[in-house]
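Read the structure below first, then the notes.
Naming follows writing order (A, B, C and D), and every chain is counted from residue 1.
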């Protein structure tokens, strides 16, 4: 039978995520690179006690709607729904915005493991690559050294960073085919491309599904074996008029002025 | 001044390689992915006591000429010229051919450090990435474990593999621009793409130089900062009629039949 | 004892190929294992991976006709096919070592009853070629060894302990030889199939460790 | 003492940009450092890198006009320009941590005389954002800190020892403030330039550790 990794709905794509699962969520911070519809499906499913591995913990749909995004959910949807037990992140809060994660963290309702962005990337890659760990000089003398082994190699001190594995990786790509081959666009490649294959099950949300062979062998960013399911975004959605809070409006203005 | 990494000759490109240098040589085994003309230039320069990091130690020009290659030198040129002190390789000899490296090794005229292909790739990448080392399960219980530290992580035993740095990386790409951006073709990407940036100086031999902007941002395999010099292959060369030895003819036939 | 018929290379490859399931990512070693690509069961879509950095390529081209920048791990030119992807060496071994390749098929000099593999160096030669063998042996989900059951002079190659340099420990899952198919299980080697005309006892005679004969042990089937 | 004139944000950024040499790969942090991209000396070709995975991008677009899949590390849309390349996060940090980025410019809360940097968390907030700061501080060849010399209430931010949580040790190479330019050298902080109208002694008064005054110490020049 021909390989066919394409699934027909977002709910079907996330149907086997269970309470207590560890999920990776691709993207960087800007919602353009986030798997918005997969996150919505996880929210609909209502699974709890999740550990989320992600660069950020989200800004929330309101901010992104003002910027004109049709698909506007970011990791905040799982935070505000109370579905997270713990986050592993590098930029969990914002300099311009008190996000829901910060509120819950202060209330003691969620745990946080901080990482540096480069070490987070390498630790995810280590899981994908079957490595036992890597030594990095980043974090020496900082809070990230606490509780970790160190070693002097060739006169320089390094921290042992361990792989981060997950049960599911939810990622966003531009195009995908039935083998699971993916390409990304511009700065939306980010964590999406390295999370693909670092989890037991990788689920890719794509803008477009293409015929096998349409993606040239030299431009495929993520080869099929790293991807288990591919699900396509609808062209049209019911884009409800949502009410935007003053807080979101204010942070939107700050963002426009100096970035997030 | 505009950045311009393009140099006008192969001799100029390798002019600062000195005796005793460690050089990485890209490619896999088939000469199509090897930096043939850079290797010729290193041979002309006549530097000695080199340590070469390369997947293979070469088959020799004669074999590749029979297969119709215009640019037919592989790492064998440095071996047969007696320019190597040591090789770090995964497939230094061939199952179908007694190459010059095997002859010199048996004669005690060159040293060899064996590696597994995956660990060689990771060690080169570790140098490029500024890592202190990586733990891999590959090699446990084998000759590759000898003299190396091991560690049990999460119940499994791993070997500590250290980065391999080099003074120069000689690589082959398909197209390059004045910033040093490179793309490769098909299976010629191999070690070329990971050696780029793992040495103090990376020199890329390309089929074609293109205008800045001709390579799309999403298809560039090696961004410019990893590359220091770009030199283009001539379209035409004096392709002398070379005499092919019986030994080379025989190995060529074996290769045609079952691969190398 | 009269020389019994043994399976030829093609038949061994055919038996190996029977293991390939729909969607499997398969890496084939030099020589006999490579032949298995010709025998993928009809209707099954299998993706071949080569450590040089390519996945999903097609069949071998005729000599001299292919693109020399599109070769398998033996350096032989292969055909492009839709869905194929190319990548660098680090990515290729992330795929191999990270458990993303389902099946690896290799030749071997020796295999032990614990599934230890020796296939990178004949001790007499003193120089070997490790290549990607150690990585594949450790990293792929299922390792199939395809080889003759004995050496040319009739000595067993399936041993209690390998005497040749080790490629990897406890890595072999299935051994397909010219007279038998054995699975490496916790307790030892489970004899699952024998070549036509062979009895389990006859296979045992050419094997050093004691074989556990599967109650369902049967003649090798190819379809 | 009469309030002396301090450099404004744009002028600090202008002074920082003077450090950019032809061909430098430069990563600019949030806020003030980002302004430096507007002041690249004329005729110099500088490549900006953003940790999200892009190199060689152009200027910021007007709000709402850009491609939201082409943003800098602050999430602001930037213009495409010839030669630009995009890559994944692992590759982006290979570039940063492997020493392939020439200059990183960051803001800071505090810097010590040994070049220790504190810029990811104000202790009172108790939650910080590390992002790529630690990686950039360790990995880039030259780290420039651009900040005000003192806190809003006049306390020194250049200290013998940082009291805020550390981003990285011994990492800062050059400090450009609203009143001075200092280089971190083996023996301490070398005062190289002072703002117009300021004396080395006056800069010292707002700095905790003893400054080494460069014999060639001069007024900050911008061209």
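Things worth noting here:
The rule we apply is simple: contacts are C-beta pairs under 8 Å (C-beta built on N, C-alpha and C of every residue); 3 or more make two chains touch, one makes a residue touch a chain.
It should be emphasised that the depicted structure is a prediction, and the values quoted were computed from it without experimental measurement.
Touch-path distance (fewest steps) from subunit C to subunit D is 2. Centre-to-centre, using mean CA coordinates, subunit A is 29 Å away from subunit D. Subunit A and subunit C have Cα centroids lying 38 Å from one another. Rounded to a whole number, the gap between the C-alpha centres of subunit A and subunit B is 36 angstrom.
The set of subunit B residues touching two or more other chains comprises 122, 125, 129-131, 136-137, 184-186, 189, 217-218, 221.
Shown for subunit D are the residues that touch two or more other chains, namely 54, 86-87, 93, 97, 138-139. If you sketch which chains touch which, the pattern fits none of the simple shapes: not an open path, not a single ring, not a star, and not all-to-all.
Pairs of chains meeting the touch criterion: A-B, A-C, A-D, B-C, B-D. The residues of subunit A lying in touch with subunit D in their complex are 28-33, 55, 67-69, 90-95, 102, 105-106, 112, 114-119, 121-122, 124-125, 136-144, 184-194, 221, 255-256, 258-260. Remark: subunit A residues 122, 126, 129-137, 151, 153-154, 156, 158, 162, 183-186, 189, 217-219, 221 touch subunit B in the complex. The part of subunit C that touches subunit A in the complex is made up of residues 22-23, 25, 43-45, 47, 49, 54-56, 80-87, 91, 93-95, 97-101, 138-139. Looking at the complex, you find that subunit D touches subunit A at residues 30-31, 34, 50-54, 63-64, 67-72, 74-76, 86-90, 92-93, 96-97, 116, 126-135, 138-139, 165-169.
Looking at the complex, you find that subunit A touches subunit C at residues 1-3, 125, 127-131, 177, 179, 181, 197, 211-213, 215, 217-218, 220, 223-226.
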